[in-house]
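Provided herewith is a single structure, encoded as structure tokens, for subsequent inquiry.
To keep things simple, chains are lettered A, B, C and D as they appear, and every chain counts its residues starting from 1.
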Amino acid sequence: MTRRDLTLHLGLIAGLFALHFLLPAYHHGVFARVMVLAVYAIGYNIAFGYTGLLSLGHAMFFGAGMYGVGLASYHFAIPALPAWIIGLGCGALLALVVGLLALRTEGVSFMIVTLMFAQAAYLVILYYSEYTRGDDGLVIPGDMRAIGSWDLSDEGTRYLLAWALFSIALMLSLWLVRHPFGRVLVALRENEERARLLGYDTGGRKLAALVISGTISAAAGGAYATMFGYVGASFAGVQYSIFALLWVLLGGAGTVLGPFVGVLFMTYLNDVASGVTEAYMLIAGVVLVLLTLFAPQGIVGEIRRRFWKDLP
Amino acid sequence: MTETTSKTKTSGLIQPTRRGALKTLAMGAGAAATMPLWARYTSAQSAEPIRIGFGKHATGIGAAYGRWYERTSVAAIEKINGEGGINGRPVELVTEDDGTDPRRAAEVLEKFANQSNCDVAFGTLFSHVVVGAAPRAGELKLPYFVCSEGHHVASGMLNRWTMQPGITDVKSQISAMAPFITDVLGKKVTMIYPDYAFGYDHRDNLAPAIEAAGGEIVGSIAIPPTETSFTKYFPQIPRDTEVIYHVMIGPAVLTFVKEMGEFFGPSRPEIFGFIDSLEATDLTSPGLEFLDGTYFWEGMPRYLQDDAPDYVTAYRDAVGLDANGASVSDPSDVSTSAHMFSCWETLHVIKAGMEAAGYQSTEDRQALIEAVEAMTLMEAGPAHPGGTKMFNGKTHQVFGPQYISKVEGGKLVVQKTVDYEETMYPDEVDYTSMSF
Amino acid sequence: MKHETDVILSTEGLGKSFDGLRANHDIDFTLRKTQVHALIGPNGAGKTTFVSMLIGRLEPTDGAIWFDGRNVTQMPAHKRVAAGMGYTFQITSVFARLSCHENVALAARRKQGGDAAKVEQVVADALSRVGLADRTADVAGDLSYGHQRLLEIAMGLASAPRLLILDEPTQGLAESEITAFKALIRELSAETTILLIEHNMSVVMELADEITVLNFGEVLARGTAAEIHANPAVQAAYLGTEAS
Amino acid sequence: MEFGPYLMLAMLEGAVLAAVLALMASGLSLVFGVMRVVNVAHGEFYMLGAVMAWVVTQFMMGLGGGPAVNFIAAAVLAPLIVGSIAAAADVVILKRLNYDPERVIVATIGLLYIIQQAALMGYGPDAKPVVAPFNERIALPWVAWGENGLEMYYPWGLSTTSYKLFVIVAAVVILAGLRLFMTRSRAGLVMRATQLDGEMATAFGIPVERVYAIVFGAGAALAALAGVLIVPIQQAHYLMGGDALLLSFIVVIIGGLGSLAGTVVAAVLIGMSDGIISVFFTPTLAKIIATLAVALVLVFRPQGLFGVKNR
């Protein structure tokens, strides 16, 4: 890890901390949400951006974390932190099972298989509505939304926790991609056969990457549940899988900062657009098409291509 | 009313420590950029309009409701402003699309509370959106008036900041309908309902209500909310069914009712439906002829009734409804009459609450909630065209009259009105004992 | 079983069919340590099929492969590489969007693990041996075809195999580069065993200690350069066609 | 309802779904077969077909046409319009991506939102009906062993409509026509040649780019036609493409990617089982089972249930 890498990423983290004191209330709330969703995008980026696994099913991992936390808190009165760890476990386990099956396929088939698994997971949530309350979702009881004396429904605490989670995920992802393990993931993405014939167990690495990715996604889902107090099936729907893809592509697939930039950019784009038209998702569509046509590397990817060649 | 908590001056915006830090920073030269924003907070003076945030289902599966909820709300605000506003201040409706999506709805509440500086939020219909957004309202300490008819408010799953003073919940709607169904239509009832929370309110409450009225449920058919073809479900209807009880929601409602007609052909049992199955849908659509002679629940009559009082016609004119309950400018644009009146009434409740609380600024939000909790009888009239209602401050739920209408010549004609007294049930929660 | 101590790789009755079509049939093959062994044969003789089975890209239909005294027939490719086999592709297959350094480092790291300093040393050494020391930072995809082939070889070197399989390494190289390549192989042969699949007869004749000739998926002949050169069957099947 | 008539009704309903699915999925399959790309926006072309049918019939109603004339106009115009839009999208977007499979997926996800949201803006968020050209209820008889031996009677509820039968017949005719076109006509041969080997086709002077645009347009037109056929039964709504897309994916995968015959067989299988499974299971559980089954088919038998391993 070079000094410049560290300065840049720690700089962002410090900046976000400073924003805690500077942002007006509304944007303060938006940033808290953006940071949690950016953790989800960071998770997705490890599978898609670094390892080249085009998944359309990551919402199931986000959902696994969310429902792991939600069901534990709602039905068993398990407090926030242990519930969150349960959520992580659910995501990791699901990613392992899905990975063992789905990674037997690749490319387009992998995309469809993950899509189908996620759809099945979504339907399972609806099917067990007795426990999950189906589309309606669950409101996490207020007393479960605290870690010790920190009240997660408090705006300031929430921001700082979102910030802490985001910082850990960001640095973890930076460390990972600079680590030899991460380098091999990139090699897999670029040329799997070659990587295999360099002696790397490509199947095992892909599975590991997917499990890491799924676990981080679940961490975000679980955090979202406790921080915002609501667990709903729509978060596990196909749209949230597409969102992850969109954010990462927009920010820059295979860049450490890309996921955050993508979520931030898209959030504000939607926010502005929804004031102009009801069809604000139109913007998402146009952005996706323009990106694939003109900037397949995304915002941070373009910066890397033009200005900063070894940006992680 | 039990007022155990002393009134604390909460800003409802940011925790005090952060605010302190902000102020300190704002005094420094470097933070000049944040000044205009502060100016906005502190200058919320009496000349400012009262802002009411309206979370509109503009897109997604609730869009037809959203459009009419907005029209009704705009008309109500116009009336209120015409009569001098609230506490002498004009009222302004701030509309945001929530996409009929819980996450978006929660964000919209944040926008109302923190960005557009709304005094209250209101207007959500779909129950999953209400359930998703209500916790945020509680955290933001933003009074949240929903118009949803879901049992979620009165069941106690929400919080002190969320109330439903404009529309009766499903549980009491059903208890009002059950005696009519068993007495007039038949004892053996098969129910068809959407397989999601709104449908569960029906599922869970109909059976006891029908049994209490001397009937029985012989069949219960849940249909997934995304379903687009329904015929294959109808064979599950037991042959000895005397009454079909149906309630459906979403874009496929017309298909549902049409295919039900095609299934039964000439030998249909009695049919009793919640008008939700045909809200925003023209009763004269091809394929619906078989509905003639069937019955519907209505929260407020869609068609102009012969004996309609003046305040009802005034309400209908203000919203822009023709005699058939469609838009005066487009007869094919049918309204959601049975639900949208709740926006009108809720806005009048907000007005009455603010006046009772002497509402001045967002600092008085808690007083507003307490003022509404103190309300009881709401007399029928220009503010309550849907009929005389009783508000229960403990459960945050209103109880109003329910209408049973029969389809006659393609129009709904009210057969029976059930007064609010017959719709009450024992309290399941006491929100007033909860802290703010 | 014939694992004499100086044999690094051998096959017994190795065969491969694609939908009933026999690409390789009953190949017995032995490779001695520190030999440069060339595998030749006309186009379509089954050379690439054969080496693909050796490295584990293809699963054989019949027969067995022994590497270093172990039966590796069922072993996945990456484990064979870990066990000491190295392979360079016939069609250039570098990581086109990564730098030359990273390409070679990927090859070196599997063996060197987290020892960053050692990896750097191996990478620098491998790149300089193939003459790409000044292209370290360049993106591999931007290199000329010949340089990409050299990069392939550098990757093979960096993974420090005990057996290096080179599939048509000189294809597309300029004459001067071929000369350098020959020198490199001579130097390498002191430390590692090399299996060379080659079309260029001058390379084969100059470098190979032993030659195996494949024809129609079967072993046609085996021997030193001189023996093969003199073999009438080979001349008929191969050198003859080459000459015409 | 007794079991026999119930099953019969479920099968009739299943046949209608199968007919629509077969049309829609053959469009997806055609595109995949020839161009080797997955069109994620396919469901939106289906939706657009339904919406266009509404637009055309509204327009024709303004001209005073009867339901039958209006419907015929819609059935001709809507697929043409949608096909042209798709062909344009191919030229403007997909061609520039060199039909790279993964980038096409991302671009067509974008296209999905563009079409869906454009429909929301132009057509609105409501479901709107199109009047069927004809729609008589047809009560169906059933036989049972009664006192006097085999008796025929009309069970309660066992019925269909003339329009639903028409949809089934129309789909069969269109698919038969498509098959004839692909196997007998020159254009069909050109498409199949392109499918086998794009580079070779170019070498033989086939204008591959134009073929691709036409194929992409034709695939979308088939989906649009499915939309036109379904709209008198279901109404047009801007979100109707999502579930239809998932079902088509399922059909195309079960049938073997790119195989037209397999697609049709799979559509019948899926359509029928959707009807029949609902006799035995709750619909959500049935969907879970079906979705997982499809995923597992792709994992363990990637060539589909009816496909032959080729590549």
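Operating definition for what follows: contacts are C-beta pairs under 8 Å (C-beta built on N, C-alpha and C of every residue); 3 or more make two chains touch, one makes a residue touch a chain.
Composition by chain, UniProt nomenclature: A = Leucine/isoleucine/valine transporter permease subunit; B = Aliphatic amidase expression-regulating protein; C = Lipopolysaccharide export system ATP-binding protein LptB.
Please read all numbers here as calculations on a predicted model, not as lab measurements.
Trainee: Can you list every chain that touches subunit C and also touches subunit D?
Mentor: Touches both subunit C and subunit D: A.
Trainee: Specify the chain with the shortest distance from its C-alpha centroid to the centroid of every protein C-alpha atom present.
Mentor: Located nearest the centre of all protein C-alpha atoms is chain A.
Trainee: For the interfaces B-D and A-D, which has the higher count of C-beta pairs in contact?
Mentor: A-D
Trainee: Please flag the chain sitting at the greatest distance from subunit A, going by CA centroids.
Mentor: It is C.
Trainee: Rounded to the nearest whole Å, what is the centre-to-centre distance of subunit B and subunit D, using the mean of the C-alpha atoms as each centre?
Mentor: 38
Trainee: Express in whole angstrom the distance between the two chain centres, defined as the mean CA positions of subunit A and subunit D.
Mentor: 34
Trainee: Taking each chain's centre as the mean of its CA atoms, how far is subunit B from subunit C in angstrom?
Mentor: 75
Trainee: In whole angstrom, what separates the CA-based centres of subunit A and subunit C?
Mentor: Centres of subunit A and subunit C (C-alpha means) sit 43 Å apart.
Trainee: Would you please write down the residue numbers of subunit A that are in contact with two or more other chains?
Mentor: 126, 278-280
Trainee: Would you mind listing the residues of subunit D that make contact with two or more other chains?
Mentor: As it turns out, subunit D has residues touching two or more other chains at 120, 125, 282, 284, 287.
Trainee: Once you've mapped the touching chain pairs, tell me: line, ring, star, complete or other?
Mentor: other
Trainee: Please give all chain pairs that are in touch with each other.
Mentor: According to the stated criterion, the contacting chain pairs are A-B, A-C, A-D, B-D.
Trainee: Which subunit D residues qualify as touching subunit A in the complex?
Mentor: 38, 93, 96-97, 101-103, 105-107, 109-118, 120-121, 125, 242, 246, 249-250, 253, 282, 284-285, 287-288, 291-292, 294-296, 298-300, 302
Trainee: Taking the touch rule as given, give the residues of subunit C at its contact with subunit A in the complex, in rising order.
Mentor: Those residues of subunit C that touch subunit A are 55, 57, 76-79, 81-82, 87, 89, 93-98, 102, 105-107, 109-111, 113-114, 155, 159.
Trainee: Which of the residues in subunit D come into contact with subunit B in the complex?
Mentor: On the subunit D side, the touching residues are 1, 5-6, 9-10, 13-14, 16-17, 120, 124-127, 129, 131-132, 135, 137, 139, 156-157, 159-161, 233-235, 237, 239-240, 243, 275, 278-279, 282-284, 287.
Trainee: Across the complex, what residues on subunit A touch subunit C?
Mentor: On the subunit A side, the touching residues are 180, 183-184, 186-187, 190-191, 193-202.
Trainee: Show which residues of subunit B lie in contact with subunit A when the two form their complex.
Mentor: 13-15, 17-18, 21-22, 25, 31, 34, 37, 58-59, 96-97, 101-103, 106-107, 110-111, 113-115, 127-128, 131-136, 138-139, 152, 157-159, 195-197, 200, 224-225
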